[in-house]
Amino acid sequence: MSAPKMTMAQAINAALRDAIAEDDSVVVFGEDVAQLGGVFRVTDGLHAEFGENRVFDTPLAESGIVGMAVGMAMNGMRPVVEMQFDAFAYPAFEQIVSHVAKLGNRTRGKVRLPIVIRIPYAGGIGGVEHHCDSSEAYYAHTPGLTVVAPATNADAYGLLRAAIASPDPVVFLEPKKHYFSKEEVDVSVPVPPIGRAVVRRQGRDATLIAYGPSVPVALAAAEQAATEGRDLGVVDLRSIVPFDDETVCAEVRRTGRAVVVAEAPGFASVASEIAARVGERCFHHLEAPVRRVTGFDVPYPPPKLEHHFLPGVDRILDAVDTLQWEDAA
Amino acid sequence: MSAGQLKAAITPARSLDETGRLVRGASVPDPEALVEGYRKLVFARRLNEQCGALVRQGRLAVYPSSRGQEACQVACASVLADGDWLFPTYRDTAAIAARGVDPVEVLTLLRGDWHCGYDPDEHKVAPQATPLATQLLHAVGVAHAARLKGEDTVVMALCGDGATSEGDFHEACNFAAVFRAPVVFFVQNNKYAISVPLARQSVAPSLAAKAIGYGMPGFRVDGNDLPALEQVLGEAVARARGGEGPTLVEADTYRIESHTNADDASRYRTDDEVTEWLPRDPLLRVRTYLRKAGALDDDLEQKITAAAEEMAAAVRAGVGADTPVDPGDLFAHVY
Amino acid sequence: APALAPVAAPVAAPAPVRAPGGYVPLAKPPVRKLAKDLGVDLYALTGSGPDGVITREDVESAVSAPAAAP
Amino acid sequence: MSAGQLKAAITPARSLDETGRLVRGASVPDPEALVEGYRKLVFARRLNEQCGALVRQGRLAVYPSSRGQEACQVACASVLADGDWLFPTYRDTAAIAARGVDPVEVLTLLRGDWHCGYDPDEHKVAPQATPLATQLLHAVGVAHAARLKGEDTVVMALCGDGATSEGDFHEACNFAAVFRAPVVFFVQNNKYAISVPLARQSVAPSLAAKAIGYGMPGFRVDGNDLPALEQVLGEAVARARGGEGPTLVEADTYRIESHTNADDASRYRTDDEVTEWLPRDPLLRVRTYLRKAGALDDDLEQKITAAAEEMAAAVRAGVGADTPVDPGDLFAHVY
Amino acid sequence: MSAPKMTMAQAINAALRDAIAEDDSVVVFGEDVAQLGGVFRVTDGLHAEFGENRVFDTPLAESGIVGMAVGMAMNGMRPVVEMQFDAFAYPAFEQIVSHVAKLGNRTRGKVRLPIVIRIPYAGGIGGVEHHCDSSEAYYAHTPGLTVVAPATNADAYGLLRAAIASPDPVVFLEPKKHYFSKEEVDVSVPVPPIGRAVVRRQGRDATLIAYGPSVPVALAAAEQAATEGRDLGVVDLRSIVPFDDETVCAEVRRTGRAVVVAEAPGFASVASEIAARVGERCFHHLEAPVRRVTGFDVPYPPPKLEHHFLPGVDRILDAVDTLQWEDAA
């Protein structure tokens, strides 16, 4: 018996719908989320179903949206706000870093902020400039923010439910290039906790570590490698913060080789963090240096060049090739 | 702040009414100049149509049309001198073209070849801004630098009604007023920010009324009325050039098409609403006026249309041409 | 939940066998390099260092005791 | 937007003039209520003095004094009901104390023990905001949530003249107006943002005039005039509670001391300027009025002073006490 | 013959003065920089000397300041702007990330932005919340920004001159706790190029890698270690972007052991990047995993707790102790 197929946009929509229906304090707002249902239709139908008090459009101001969410959370609500695109969350950066992330700590837990900031993020959609940033490092580096990046539609549903249920703020990164891909999603499967990575593919020879939009790319690379006789495993982080060292390191210790795959520019990135932690925690197990396959340290390119920028199967396999196989079994 | 000033910020100035009649007390340029304006309107309209077609053919990734706003597009460019600067948004392709930049270069962005396809410095046209309202501050900077250098440059900074809600709009207006920077802030109030109607953006008596809070003059003008726009914007440019500082001008206009081709306006507005705006078409009233004034006959119209067709053909050819993209550009000019 | 692999590699496995994907001989990178340069197979060694880590000495004595070679 | 509304946003409302005389047409609360206001003013002044002394003794790291602004500090707290919220800045220690929070708890921040020393929810007082204007948006959020929940809570949101230049000020005013959120924005225009004078901050006819651009009422009031403040703020609170939305109130006041003890105001303003403001002292005029009205005699003054001294002693003791800090707190409540 | 002693604030002041005097297009602006000379007095006297057209106060709005700088740079000027404190640069984040960093690339070099964004940064001054953030990762992760962090007063002078001379934007991070420490500064010594690290102390046993405010701490740790018989070297990065792999790796390859020291929270930080690159580039030379001694992943604490947060000599030496000395030569 298979679960119904839905797109990631539909899975997120379902998570929002279920959360709003179950909990009176959940409110959804942002730019174009109500009448239009969001530019990606992620909030489609929610305004019609739940009305203006639960789902509403705001004036066009991201700092305003996040700042208002802080206040609403201070007054007992669970705001789920949408930033229309990754780069358009930057106007809200001060609110996110100086308030959303810190208020719980600043007040010794007296004020907690159950806010979810949903960000359609990353590239691969042929978008013009400012529409394809992978901005996770900015949030992951900021103490106080839980940062989640689902790679599957089922995870998008389950992790968003968990994010909304969290008493503390969560930045929820939605790989926009997956919004319209269909997968089976069984919403009755218990919500997996935030903070657990998952081994998407077992592999003996090396471990690919990825999250969000890079997971399917890593899986495709592993597929390809298999045809060439190399058995690669794939770990999907699911959440960047908290980071699941246990799952990641168990895999790398088994294979002795790791490649981190992420779309964001590599310098001082989440990929750097993964390479650093794996290097530190799996030191004696490493047969080769941990490689990173990331976006280049350049602005996100225009549509016609984006395939050069994005980590693809070829670049991943090239990196795998450098893992010092000469002294492998 | 007098009652008259307040009124000017709230009641739209008009020159030609919807039937092409001169509004009482208003003046319009002499017919020859207005014919030139009409020519530009026709070009702008044709460009909008051509780009729409190119999107449908898959030759452009996306196009935010300024159909219905052509008078704004033409006026904001025509009031500028050569050394002045224009700061446009994604919706202002026609204004950039009206300023003299080859539309094919402008469309580089929407074709996906590169981010900015023209040389901003050569044309004194900033790259089309996507992050809303951010460019207004750049406009203030260019203007302030010009003043420090003793140049009489004026900067025309464009944004939409939605963008006025952003913090950067506020900071830009305030900086300009405090530094008496020679900037004209030109808000094309086309009533929507994607799906969000003006009423959710502001409950002020007008967007131009925001000028009061910055201590600068604010004017509201019929945004489908080319002569009125040229007059109000022209006066603002003259004030700026004369060292009298910035002005906020709001054009009362309407976005006839969807936000972009990717948008479906029927989800948030009625056809009736759109239909109401059609008779207010910015081309129509100038055409009727010129026809009645005897300055535009079939022959001249035919010439104008032919020239616009030529431009459209060049755009088709240019956008259709197979321009190579260089992956090396990815790494160029980053640091 | 996925089946998790052992968190830590087996410590000083009594009879190390070449079983890629299930066991990685523990050694710091320069020791690995030394082993490679000297043609020593780490899978054939038992580490004498803490937690079974193969040391330089382990590698060097493997060279002087060719019996350990495969 | 009428001429009268414009005037109210530009000309400061007054009740008591600098000599303690009732301004023509104005009314003040009955003497007993005003004595209570006077008591609070004395407390606020004493708290400012005490904190200054604690800084000089090295017991507080820093203190931004509200000396000269005590009428604002008292009024904004006294017009609120218990369930209402106050959103203060670093300069509003006296206002928080006037709301009933133990000053020692408030001073936790400036003592360096922890960031926020009181329970915001218990007192309905947000943590003191340092990143300028950011808290105004939180205030709007609290207010909007209250409205959605059907509660009649009002939120008083404080900021300075400098903070009005920040984008967040703009976004907060606009959100509040659009959502008709029950917020009173209260700008203490003390003429300086650290060293930067008002003229570099804004060239608008007043800061309250900014209200026009948001479609909300704006009022300017003498910021050293307690009854006038209580009236204007009280009316704003009543409007908000009655569902009529936000109001922007600007108090015309002056920062008598340096920005903080770490600042040296002599670098950017003259003693003469300060001296000019001294006769406009907010305590003086209430005292004179009450004395003349026979509602305040030596005995009562003496009682008030004694009570203020008691408060000061408690602050000294509390701040002086050796409270242990727990390094474990570093890691608590982060995620 | 010794050079005159000056504080870091004075060295920066001298660099600004010399740059303004030499080049008509240099302008200095921000909050309180003119009449007051800045809250740290870094711009002291410049307004009086050069007048309102060269040095001026702005309204209080950081996005405004940076946005205006973009425009002024587009029109031929070299703006040097001050953000009053690290956390108060966040309102300008969108301008920095979406414009300052990208405009050169977006216009294929047609528009270049010779902007310097000066940020008094990091902690150790007993400042209240929002006054002590180490925000370098946000900038270093953003392609298009050169990120400089001087550790000495002479470098503060020389690197700032180089930053102002750069045709492209530079984020200049001034360790505020050093503003008032005196050192000899010889301004006639040629300006060192941005992008070169320097070995501040030669050491045989392990290499400490630091920048900005952490360099003196690393040096103190090395001092202390020497008394305990351990010879630690110290590399001062001077610039984070560009990163001087050559100098750093040469040292680590020599010692085989490295500890990265930085104040910022460690997750997805510059320290992560350094650990990741060193792990990758010096793999076969590493006798021990690269350790990181950083701020914790928590908001910057209040004054009375900051010494627990900051990487100090003890924490550095503890990390050094874990560098697997048991099989050292």
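First chain written, first letter: the chains are A, B, C, D and E, and each begins at residue 1.
As a convention for this text, contacts are C-beta pairs under 8 Å (C-beta built on N, C-alpha and C of every residue); 3 or more make two chains touch, one makes a residue touch a chain.
In UniProt terms, the chains line up like this: A, E = Alpha-ketoacid dehydrogenase subunit beta.
What you see is a predicted model, and the numbers here were worked out from it, not measured in a lab.
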Common touching chains of chain E and chain C: A
Rounded Å distance, chain A centre to chain E centre (Cα mean): 30
For chain B paired with chain D, centre-to-centre distance based on mean C-alpha positions, whole Å: 44
CA centroid of chain D to CA centroid of chain E, Å: 38
Chain E: positions in contact with at least two other chains: 58-59, 61, 63-64, 87, 90-91, 94, 98, 102, 105-106, 129-130, 143-144, 241, 283, 286, 288, 296-299
Contacts with two or more other chains, residues of chain C listed in rising order: 28-29, 32
Where chain B touches two or more other chains, by residue: 114-115, 131, 165-168, 170-171, 174, 178, 200-202, 329, 334
Every chain pair in contact, whichever chains are involved: A-B, A-C, A-D, A-E, B-D, B-E, C-E, D-E
Residues of chain A touching chain E in the complex: 63, 87, 90-91, 93-94, 97-98, 101-102, 105-106, 129-130, 137-138, 140-144, 240-241, 243, 264-265, 267-273, 275-277, 279-281, 283, 286, 288-292, 296-299
Of all residues in chain A, those that touch chain C in their complex: 196, 198-199, 203-205, 231, 246-247, 249-251, 253-256, 283-287, 289, 326-329
Of all residues in chain E, those that touch chain B in their complex: 27, 53, 58-59, 61, 63-64, 66-77, 79, 91, 94-95, 98-99, 102-112, 143-144, 146, 168, 241-242
Chain E - residues contacting chain C, complex: 256, 283-288, 324, 326-327
Interface residues, chain D side, partner chain A - complex: 114-116, 119-122, 126-127, 131, 134, 136-146, 148-149, 153, 167-168, 171-172, 174-175, 178, 329, 332-335
